[in-house]
Amino acid sequence: MIRSMGMTKKGVMLNDVDVQRLMMPDMKWYWVDMEAPDVDEASLMAGVFKFHSLAIEDCFNDLQRPKIDSYASHNFFVLHALNKKTLEAEEVDCFVGKNFLVTVHMNESPGINKLWTQVQGGSLKGDGAAILFYRVVDQLVDEYFPILYRMEDRLDHIEDNVNSKSYGSLIDEVFNIRSQLLHIRRTVLPMRDLLYRMLNLESLSHIQAHKAYFRDIHDHLLKLTELVESSREMTSDMRDSYQTINSNRMNQIMMTLTIVSTIFIPLTFIAGVYGMNFAYMPELQTSYGYFVALIVMALITIIMLWHFKRKGWFDIFK
Amino acid sequence: MIRSMGMTKKGVMLNDVDVQRLMMPDMKWYWVDMEAPDVDEASLMAGVFKFHSLAIEDCFNDLQRPKIDSYASHNFFVLHALNKKTLEAEEVDCFVGKNFLVTVHMNESPGINKLWTQVQGGSLKGDGAAILFYRVVDQLVDEYFPILYRMEDRLDHIEDNVNSKSYGSLIDEVFNIRSQLLHIRRTVLPMRDLLYRMLNLESLSHIQAHKAYFRDIHDHLLKLTELVESSREMTSDMRDSYQTINSNRMNQIMMTLTIVSTIFIPLTFIAGVYGMNFAYMPELQTSYGYFVALIVMALITIIMLWHFKRKGWFDIFK
Amino acid sequence: MIRSMGMTKKGVMLNDVDVQRLMMPDMKWYWVDMEAPDVDEASLMAGVFKFHSLAIEDCFNDLQRPKIDSYASHNFFVLHALNKKTLEAEEVDCFVGKNFLVTVHMNESPGINKLWTQVQGGSLKGDGAAILFYRVVDQLVDEYFPILYRMEDRLDHIEDNVNSKSYGSLIDEVFNIRSQLLHIRRTVLPMRDLLYRMLNLESLSHIQAHKAYFRDIHDHLLKLTELVESSREMTSDMRDSYQTINSNRMNQIMMTLTIVSTIFIPLTFIAGVYGMNFAYMPELQTSYGYFVALIVMALITIIMLWHFKRKGWFDIFK
Amino acid sequence: MIRSMGMTKKGVMLNDVDVQRLMMPDMKWYWVDMEAPDVDEASLMAGVFKFHSLAIEDCFNDLQRPKIDSYASHNFFVLHALNKKTLEAEEVDCFVGKNFLVTVHMNESPGINKLWTQVQGGSLKGDGAAILFYRVVDQLVDEYFPILYRMEDRLDHIEDNVNSKSYGSLIDEVFNIRSQLLHIRRTVLPMRDLLYRMLNLESLSHIQAHKAYFRDIHDHLLKLTELVESSREMTSDMRDSYQTINSNRMNQIMMTLTIVSTIFIPLTFIAGVYGMNFAYMPELQTSYGYFVALIVMALITIIMLWHFKRKGWFDIFK
Amino acid sequence: MIRSMGMTKKGVMLNDVDVQRLMMPDMKWYWVDMEAPDVDEASLMAGVFKFHSLAIEDCFNDLQRPKIDSYASHNFFVLHALNKKTLEAEEVDCFVGKNFLVTVHMNESPGINKLWTQVQGGSLKGDGAAILFYRVVDQLVDEYFPILYRMEDRLDHIEDNVNSKSYGSLIDEVFNIRSQLLHIRRTVLPMRDLLYRMLNLESLSHIQAHKAYFRDIHDHLLKLTELVESSREMTSDMRDSYQTINSNRMNQIMMTLTIVSTIFIPLTFIAGVYGMNFAYMPELQTSYGYFVALIVMALITIIMLWHFKRKGWFDIFK
């Protein structure tokens, strides 16, 4: 699918006209958007726009890292959108020239669609391709925030439940979020580095002229980096904290077993001894033998409980 | 809420006069403070002060990272205050011009209030906006110290109790402090980087003229960074140390259970054997059988205790 | 084994001609490939090509790190191929001059073979040695991708099975992949640094003239680095997650043992007491004694189960 | 307490003379040392020496990080001494001018005292304030070494005892040393950075003239950094190694319990069955029943031992 | 011990002649080697060679970090040799001048001895002191390789045995190697940094003239750094893998104990109940009571086994 729009120097808006028309000298700016271009549409890139073959190759290869390549007549940018549902990175490629922007993407891009409608509605202020390109980058990066805020909220919620019973079932989600953050980081970090390069490459005179706008996006990406990094640290802290809770609970369980066992096992042994059927066992014949045995058992229990208390073994249950 | 003060070149102090008055050429300096500005007040920024739209946007958006943006007629600074109770970062935005300071914040700021009273009382030395701005930054950063000192004290206190019984209940607090430090770091680190940039940006001629003062704040922030980082390392060391204590205790518990069990289980078995009701069990009929059984049991106990001792199993209780 | 090809300035392709012929001034470019060179072939390097003795030494020594050494008449590059089967790095050494490329490798190189056939088939566009060298580097680096994609797929597959029963048997493979990634990193990171140096060394005028092509390889290596690093992080996250699963399961096991033991051990003790053979045990003679004993046992069981439930011990099995 | 000494250009040594005398133009160099200065003495700094108010403030505030502040007539250095007993950092502030050194410290400083005596004894070679200042820094840094060597020795000693019985009681000390190293690092790292800055600040012409001497201190601090870092790594390795030992021991303990229990529990059950008092139990009445039961028990034991051996469970005790 | 050799400009080799002779202007180059110099020999350094006092001090102090100090008439290098047996670093100090090399070391150095013999045998190519110094550095660094290759081989061997029975006894060696690597790193990393500085210091004109040779050593040190770092990572991976194996084994042990206990403890309780001696226990008097009891016990066993199987508890033994 291919669509186009442009504005003449006289301020007339053109919609979905022929590419040849757009390349005429009376255009102030134009924007061509290709979604999953077919062979004919793709051939425009090399044939009409004269884009560099390595850049075209990158459009059709699998996911590239965000980057900038400068060629004689145009700059080529690889950007990442984040898919709201799958959280996967999706490539949006931009060719930016003096008065044009060509965007290429294999998947439908809600961000591009939204922006297309806005620009058609006349929302574009400023003098053309550079500010148009700013709007694209800004739109894509703005879409990262709700995804990361949702993750941060989820982590905050889990952290509030650290000591609750249901924490065990929450730890799986912590690992999930940690894994998703690792993937998102592969979009956010290179995008941040890309914006930093844009701001510092003298050769990008278009961008230099609108530095304040691109610096604003760079600020966003710095904040996003911080969000990703500190959210990942949060997950590792939560994992450690869960491990401590688990190990405390294990101590309590084993303490219970040990106290019960070490008290009753000797008592059961004594009972076993006097349950033996030897013909000659003098204690059995006395009338007070049974009571003496019970008293001895009670004494052993008391001594053991006192011993455990003195060693502080009951403190673990507090 | 909006309030203002200023000093004329003749040294007359003006309080809460109209903004138009402050912008007259006879002012040496003036300070306008906006707390949670309403629509009218906010419109002053673009309409009267002619601040850049991206900067105004940052004031009303949620928490920005500390940063500096330079525009033609003013510099825009995002600063962070730390709320003493919630420990949350709160944004304080500063527009600094040749002879003015405009501060904007959404929450009540105790630091700004305190400083406002001091400056009204005539405590401002030096020639105007730059030194006024220094006082704002200094005030906000000074308020970080008591928060971090309290955390450090708390950690020192917990560390002193590592081997006490109550340590188990303290480890939760360690995780809490660790989590709070992670949040505070997101204020302290970018503030430190901001001060570093201030000191090294040639374009900030106002600040360059008072370098010693801003360097002093930078020193504070270096010290705060160190406090945050080493406190976080302290928490991870305490967590590891707690894990070791826990695992030692577990070893002691299981050792107790194992010693008691392995001694009594065989004895109880022997007692069980002679408690069987088989018609023909020759040992049962002898007059010394019972005593032989008791002696055998005693021997087994002694051999086992000696075996455990030789393997060093009792050392664990030391 | 030694083989050669070249093209004269008039566009005639020569195959496996004498090295002396190739060095005549009418050659546009030529390529000499040595696989496990014997003594005679090796002597060409010093004797005919006049390569530097340190560079020749590196060819015959064990695995060198990827690097570049510049000499008067030629540049010397150490590259790494990754063996698809063993995943071991294999050295491919390149001497690049104004109009020649000499490749030296001790093992058979499928990548070099494939490229040799392509170039013989006339696929070489551009003006000679630099573009030929580009093709070699590109070929070797392209072969890294399937290896890393396979590892990533394997890890994704294992991650999907984290909670399944068979996870225990998968963790061994995680450690294997982690170990292989450590080895592969020793190829990918220095190769990335090498490409970065190539792009920034002013003295490499050949490469500077084809910067876009070598930048493309550098992009690939940045992406590979990211793949290696995030795959390694994935393995450590999976290890931590497995540890948590293991420790949860241990808690369940011990909980089961403890509940069963602490309920039955006291009951068995009571049964043992009334199994004693003392002559005078008043409870035994009553007609209701047995039933009272059974009721007491039932009560103890109920109280214990209620106690465990109140402490939330059954939650662990959810 | 304040004390002073100085040397006139004619080589006459003055001791504890008035500060005004020292500031006369005929002095080659002079040194004023203030220990916990009272109000009168402190007022000299601003009143007579004209030191910058921010620098004076730092002297009286709590512990500052090591740093350098350059003012018009003097440089201000914050240095750290390490207290041999408490291992706490103690601030030593130095004002260094063309021909003077003023040292300020709140605690008694054994290093300053020692140096004072030496210089009074005429040990000062070279032309004055810069070399005097070098002696101060050198003295303070030299005192770090015995502290760190003692820690390293202690760690080496503990490492030699990793497998001994008493290791458990040594691990506490490892955590202590780790915590102390964290504190010492906060002195050593900033001191190293300070010396690096001294060596590279062109404006410090005094120091540049004696670069070899300050470089020597910088070497010491590089070595100290390495000592701190690798000692900290040693402690984390020892902690991990202790955890492994602990977990091995736990495995041995549980293995013992499991082997004894799983062998005797079924046997005891069999004994229990034939201890039941049912009226009709045919096995009980035969004359060989008892012996068959004993043989069955022996067989069960042998089979179990063989099964455990085949599974390698006894290997754990090796 | 002191020894010397030198070559006159006419190409005459001198052996063990007087130091004064060597300093005459007709010498092309000379080398003086001091092993554990006595007071007389040491006095040559300051008295005859006029070396800087700080450099001489470093020779006699304990182990310095590898470094370079430049003085007017000579450069001073601290190098490290690794002792093959103790793996300890041993300092080799080099004074390098226009036409001389003076080496000083406190221990016998096999590397220096080997090189001395070679040079005496006439193996020195090139024009003197710089190439002689290159030979020394090269010799010392070449000796690092066998040590690290041995460690890497040992680790590879242990890794191949991860799942074998004897792994437990191998983990101690892993910790040993890890500790040795930590020590060796303190030699390799500063040596690498030293070579990097040599290559980039313009003032070292001798070395700049033989850059290819020193770059070769730098390559070696980069490879050694990689070996040390990835070997250390290997040890930490092996430690984690061992922990997982240990914890799996613990799970198996406890599972065995729990299954056996939870099955037999209730059965033994039932047997205990019918072993009680109450006068009135109706079940005991029936002729089928015993068989009913046995059947109930069998049913309990079957239900429990089925329950455990359904919960997947037997999977752990696979």
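Letters are used for the chains, namely A, B, C, D and E, taken in the order the chains are written, and counting of residues starts over at 1 for each.
Assume contacts are C-beta pairs under 8 Å (C-beta built on N, C-alpha and C of every residue); 3 or more make two chains touch, one makes a residue touch a chain.
Labels paired with UniProt names: A, B, C, D, E = Magnesium transport protein CorA.
On a predicted model such as this, the values are computed, not experimentally measured, just so you know.
Visitor: Smallest number of touch links from chain A to reach chain D?
Guide: 2
Visitor: Please report the minimal path length, in steps, between chain A and chain E on the chain touch graph.
Guide: Contact-graph shortest path, chain A to chain E, evaluates to 2.
Visitor: On the document's contact criterion, could you list the chains that touch chain C and likewise touch chain D?
Guide: Output, common partners of chain C and chain D: E.
Visitor: Have a look at where chain D meets chain E and say same if over half of the interface residue numbers show up on both copies, different if under half do.
Guide: Both copies touch with mostly different residues.
Visitor: So the centre of each chain is just the mean of its C-alpha atoms; given that, what is the distance between chain A and chain B in Å?
Guide: 23
Visitor: How far is the middle of chain B from the middle of chain E, if each middle is the mean of its Cα atoms, in Å?
Guide: The separation of the two C-alpha centroids amounts to 38 Å.
Visitor: Residues of chain C touching 2+ other chains?
Guide: Residues 243, 247, 250, 254, 257, 261, 265, 268, 272, 275-277, 281 of chain C each touch two or more of the other chains.
Visitor: Which word fits how the chains touch one another: line, ring, star, complete or other?
Guide: Per interface graph, the chains form a ring.
Visitor: Round the ring, starting at chain A and heading to chain C first, what is the chain order?
Guide: Beginning with chain A, then chain C, the ring reads A, C, E, D, B.
Visitor: Considering only the defined contacts, which chain A positions touch chain B in the complex?
Guide: 159, 162-163, 212-213, 215-216, 219, 222-223, 226, 230, 233-234, 237, 240-241, 243-244, 247-248, 250-251, 254-255, 257-258, 261-262, 265-266, 268-269, 272-273, 275-281, 312-313, 315-316, 318
Visitor: Touching chain A in the complex: which residues of chain B?
Guide: 52, 54, 64-65, 67, 69, 71, 165, 168-169, 171-172, 175, 178-179, 182-183, 185-186, 190, 239, 242-243, 246-247, 249-250, 253-254, 256-257, 260-261, 264-265, 267-268, 271-272, 274-277, 281, 283-290, 293-294
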